[in-house]
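Two complexes follow with chain A in common, the first pairing it with chain B and the second with chain C.
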Partner chain A sequence: MANLKKNGKAIWLAVKTPILAFVLALIAGGILIAISGYNPFWVYYQVFALAFSSAKNIASVFAQATPLMFTGVAYAIAAKCGLVNLGLEGQMLSGAMMSALLGAYLKGLPMILHLPICVLGGALAGAAIGGLTAWLKNRFGAREIITTVMLNEIIALFVSYLCNDPFRAEGSIWGMTETIQDSAVIGKLMKNTQLTYAIFLAIALAILLEIVMKRSVVGYKMQVIGKNLRAAQTAGIRVNRIFLFSFALSGALAGLCGASMILGVNFKFIDGFSDNYGWSGISVAALAAYDPLFSVVSAILFGILKAGAMILNRTSNVPKEFVSVIQAFVVVFVAAPNMIKAICSFQWLKKRLPAGKKQENRKHKEAGT
Partner chain B sequence: MNVIEMKNISKSFPGTKAVDAVDFRLEQGEILSLLGENGAGKTTLMKILYGMHSMDTGEIFFKGRPVEIKKPLDAINLGICMVHQHFMLVSAFTVADNIIAGDEPCKGIFVDKKKEYQVVKDLIEEFHFNIDPHAKVGKLSVGEQQRVEILKTLYRKAEVIILDEPTAVLTPKEVDDLFVVLKNLRASGKSIVIITHKLKETKAIADRVMVLRDGKLIRDDVDPAQASFTDLSDMMVGRHVDLGVVERAKSRGDVIFSVENLTLREKGHDVLDAINLKLHSGEILGIAGIEGNGQTQLLECITGLRQPQSMDLRLRGEPVKGGPSAFLRKGLAHIPEDRNAMGLVASMSISDNLILGYQDTPEYANHGFLRRKTILEQADTLRQEFQVKAPDSQTKVGALSGGNAQKVIIARALSKKPDVLIVAQPTRGVDVGASEYIRGRIRQLRDGGAAILLVSADLDEVMQLSDRIAVMYEGKLVYEVEADVLSDVELGMLMTGGSLADLKKGKEEGNG
Partner chain C sequence: MIILIIAATLRMAIPYILASTGGAYSVRAGITDLGCEGMMIGGAFFGVLGAYFSGSPWIGLLCGVVAGMVFAVLNGILHVTFKVNPAISGVCVNLLSTALAPLLVKLVWDNESMSPLVNGFTSFAGTWLEKIPVLGEILKTQNILFFLTLVIVLVAWAFLFKTKFGLRLRMVGEDPVAASTVGLNTIRYKYTGQLVCGALSGLAGVYLSLGQLSMYTEGMTAGRGYICMVINVIGGYNPLGAVWGGCFFAFFEALRTVIQNASINANFLMMIPYVMTLIAIVISARRVLPPAGMGKHHDD
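On to the complex of A and B.
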């Protein structure tokens, strides 16, 4: 029983920062909504109420959450061994392009072969970009934070070129590739929604990676590297290999995000189709304290916001972009745990208290640090 | 007169009471030794005085009047300065630049260079420090850097100087020099606190000794001339500890580990220069030397962390090559010099740390997955066998004291029954009781037939533990000798690049 209590406390400590970050992000977003001339309480109520108002809307929540699950887990996996994968967007785009091309131009295959090839192709394309980043880091000491961001630009422009020129669909005015074959389509879970079987793949991978992280030797090594790089080197862990593995895996997951969007939702690569799925992965993982399984939960949370905001946007003028603002605030607050502490310790309030209480305040401050 | 009085000081950190209702006083013009084991609360108490920690309860009086010290600047303005264990100097700056940094004499928006050097020169002359204000700090010896730190406090008009473990990094000669400096300062009316756990130095320099244990004040009126080493150590530890147990190797076997022609070049010059060493089974070879003479690089090369330009390393006649994991697998265990940075992962549990480096062995891994049950069971056994004080094996290593954390590393290395143990700074930052225990385990491993290479910056430790001593100076092993042949002063001479002949000559001159 005591053990349970202790575990409960440990879990609370682990989730405290993310939960507070989320609440604070909602408050900060609310202030912005209020500035834009809407009642934030009404907006939030509407968002959550609408998201669960019908089966179709619930499906829409999970459909919005699916790509975020992939990229959230992707970011978390790299973060486990101390890597900052800001290249999810590029890895996702390359995966999307690869699966779009394989889906459109690989003809005459049965679905049982064609679909897995397209999915795998997307994963491999993402893994290749991720692996390239790791190689640059290992071989030349190039910081992944720089290379990933730069690669994002290169890839975004390159895939844009591909869908605008060499692979542009016949007779199309907007840059897009040919529609994929029927044999490459990921089936829908519910008609007339964007919810596909890809969500099962995302959840299954999250569970699998959770087990790998917690139970396997390679997961152990990744954690050691993430928590103390020098100790890992001293213990003879081949850090470069783990970096390569982890970055390629992260890229593969991002690639799968792209593939799931192409093969399940858009059926072709449309220029500029991404709703920042890659970048959103950072918020998702940050909110999940970089845990693969929690990333699924946090992706659903963002799915609710996104779906709710989209539905609300149909009937009112509330801009759905405020969700992006909240996402960004989450990262800011998670990245600044001391800010959360400062805000939550109510120092500003205590300063106004009479002097007699000063001693007690100091104690509070101590306990907080 | 008491220049400082602290009354009823308490300070808690999450989980521990670091300082518990301690009264402290410092008299004008005395050298006080604040004695205690690691974690006894000495440094915390002094950091409260220096404004780096806030206190939960208590009052501070400076020259009889109550003061509030909230940040180091408050303390400095009162004339209370602290020299930290790890120096806070900019090595690319000159001595004078370092001294004035933070409080520069200005001419408009520019630093008044002329005045700067004049002020610093006057200061150096006033207190008889032998140091060049124009020298780059990076080029100075550790002892000289320490003097720069002390000058910094004097520049800030310090009346009370607190030194945190000032002798930890010095050679015997430098310790003597420091003591001369401190006596000079005392003569000019400064009050000095030395935080230390070394008994020898306490007896040599202190006017009064104050002993802390587990955050509590044990005695604050010990006269170092009256108290014996055993008295002090018993007060410090709270029970009787046999200090400085010396047991030399009983039976020395064949050479089982040899390194020949080890040369490492760094930035164009030889950091390690044609090093040869042989280890017999059943002996401890100690490397004595001042830090920064190539010990770190030697350790890196012979544990596989680094590939030198040339090296022939053999275990039982067989060459060993590859990275650290290959070395570990062959039976070469390693206790790294920096426990927290290299040896442990603070945010992981004891059981996870006990397999670090051995995580791929069939004992712990099965088809790529960890054998959690075996690992946990073994951790429980080792934790008890090696007296690691922790509630359970899931406790994070970061929550352990220095001594207990070091025992985790010792347990990891020794439980694999290595043929060769390469151990660096085994008792740095470890309390007296745990130190003696750790040395005992190392001796026990030797008596079981292992060959042990000991690298330590603590000369006393090298002399106590080694069966044979090699002296390292500027990347070379300059002298090798059986234990108990040379005195600490003679070894210190060799460690600073001198020769035994110099010492003899010096003595004769002194006599003549």
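On to the complex of A and C.
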């Protein structure tokens, strides 16, 4: 019983920050909604109620969540060993382009071969870009924040060139590739929705990676590196290898996000199709405290907001752009747990000193039990 | 033709130069300048908003600069006060401003992606500056912000490298612990670096919106803030280096607009500077180092 209580407390401590951050983000978004002349309570109620009002709407929640799951898990995997993968957008685009080209130009294969090839191709393209970033870091010491941002720009221009010039579908006004073959289409889970079987792949991968992180040697090494790079080096962990592994894996997941969008939803690469999936992945992972399995949950949470706001936007004139603002606020609050503490403890109303002492006492107590 | 390209290059280089100069202050104070993009978007949008409601581009400029500084303060609060990883705090700024701008466009003008035309800065075409031989051809497409930028860059350089304040700012960036030991208020210096970064990035955004199009359209910064981060790396975190770096990227952008109907694809052409700088950065990664105290605080 005591054990249960202790576990409960541990769990609460782990989820306290994300929950508070999400609530604070909703409040901050609510203030914005109120300023712009809508009733925030009504808007939030409508968003959540509409998202679950019909089977089709629920499907659209999960459809919105699917790409976020991939990129969220992708960011989390890199973040676990202290890497900042800002290149998700580029890795996602390269995966999307690769699967679009394989899907359109690889002809005469049965579906059982063609679809896996396209999906794997997307993953490999993303992994190649992610691996390149890690290699540049390991071999030349180039900081990944700079190289990923550069690669994002290069890839965005390159895929835009590909779908506008050499692989442009005939007769199209906007830059897009040819439609993929039927044998490369990921099946729909529900008719007339965007929900595809890709969501199972995303969830399965998240579970798998959760196990890898918690129960395998590689996962352990990644966590050690993330917690203390120097200690990991001293302990003889081959940091470079783990960096390469983790960045390539992260890139592969981002590539899968692109592949799932092309093979399941768009059926061709359309120039500028991305709805910031890569950048949203950062919000998703941050809310999940960089845990693969929780990333799925937080992706669904964002999916609810996104789908609910889109449906609400159809029936009223509440702009759906609120969601991205709330998403941004989530990152702001999640990133700064100390800020949440400062806001929620109301210490800024009282004097500083006693609080510090109290906290220290509590730390001692926790260490003691 | 050559004059046309030079004129376009100088025009395109101004936002790069301004934001990179701001970024240099941020990095020299020890904070990654990833947030430039967000501050630039803030400047571009609020500049137009200010000009829309007041009718004067100068009020718009003020609004844009202040907006950039507000986002910079957010970055400062997150990174300096609450010790968030500087990459994440920069991403926060970018996410927030890329999300806010389209929302406000929707709310204020009820439009999906752009604002109406407002009073922007007028170019020198038709003034006496145009009549100067050769130079007039280049100057007639510029506006008053061109000269403002020249002054700012020189002042920023002198301030950073020739004054006591600049020396101290750089010291805070190199080693905040040592700086704090000799009695400097490192937090104040870091915030100052951030504020300069926000103001200049905001001004860069204002130049894009009020100086060129006289309106705000979504995605008009087109990742220029990120390029400024890169320009700073190759320019050695120096305002004068920012001028050369800015002109380099601007040259290719100018080529793209000047040679529009050539056989070479514009996107492909635009890849060249990126690939070249990526290679340059990779090769120089171990030689050109950022300040040693990047992301460090005086009390850790």
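Just so it is clear, the second predicted complex is superposed on the first by the 347 of 369 C-alpha atoms of A that agree within 3 Å, B and C clash if a C-alpha of one lies under 4 Å from a C-alpha of the other, contacts with A are read in each partner's own complex, and residues count from 1 in each chain.
The rule is simple: a contact is a pair of C-beta atoms (placed from the backbone, for glycine too) under 8 Å apart; a residue touches a chain by one contact, two chains touch by 3 or more.
Only a predicted model underlies this, so the values are computations on that prediction, with no experimental measurement involved.
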| item | value |
| --- | --- |
| Which partner, chain B or chain C, touches more chain A residues | C |
| Which of chain B and chain C A:233 touches, first, second, both or neither | first |
| Which superposed partner A:143 touches (first chain B, second chain C, both, neither) | second |
| Partner chain(s) touched by A:319 [first = chain B, second = chain C, both, neither] | second |
| First (chain B), second (chain C), both or neither touched by A:190 | neither |
| Touching partner for A:336 - first (chain B), second (chain C), both, neither | second |
| Touched partner set for A:28, first chain B, second chain C, both or neither | neither |
| Which of chain B and chain C A:84 touches, first, second, both or neither | second |
| First (chain B), second (chain C), both or neither touched by A:327 | second |
| Partner chain(s) touched by A:109 [first = chain B, second = chain C, both, neither] | neither |
| Contact footprint of chain B on chain A as seen in their complex | 215-218, 220-221, 223-224, 227-228, 230-231, 233-238, 359, 362-363, 365-367 |
| Interfacial residue positions of chain A with respect to chain C in the complex | 32, 36, 84, 86, 136, 140-143, 145-147, 149-154, 157-158, 160-161, 164-165, 276, 279, 282-283, 286, 319, 321-322, 324-325, 327-329, 331-332, 335-336, 338-339, 342 |
| Complex contacts: residues of chain B adjacent to chain A | 12, 14, 54, 56-57, 303-305, 323-328, 334, 336, 341-348, 352, 355-357, 359-360, 365, 368-370, 372 |
| Chain A-touching residues of chain C, taken from the complex the two chains share | 32, 34, 74, 77-78, 81-85, 87-89, 91-92, 94-96, 98-100, 102-103, 106-107, 223, 226-227, 229-230, 233, 265, 267-268, 270-271, 274-275, 277-278, 281-283, 285-286 |
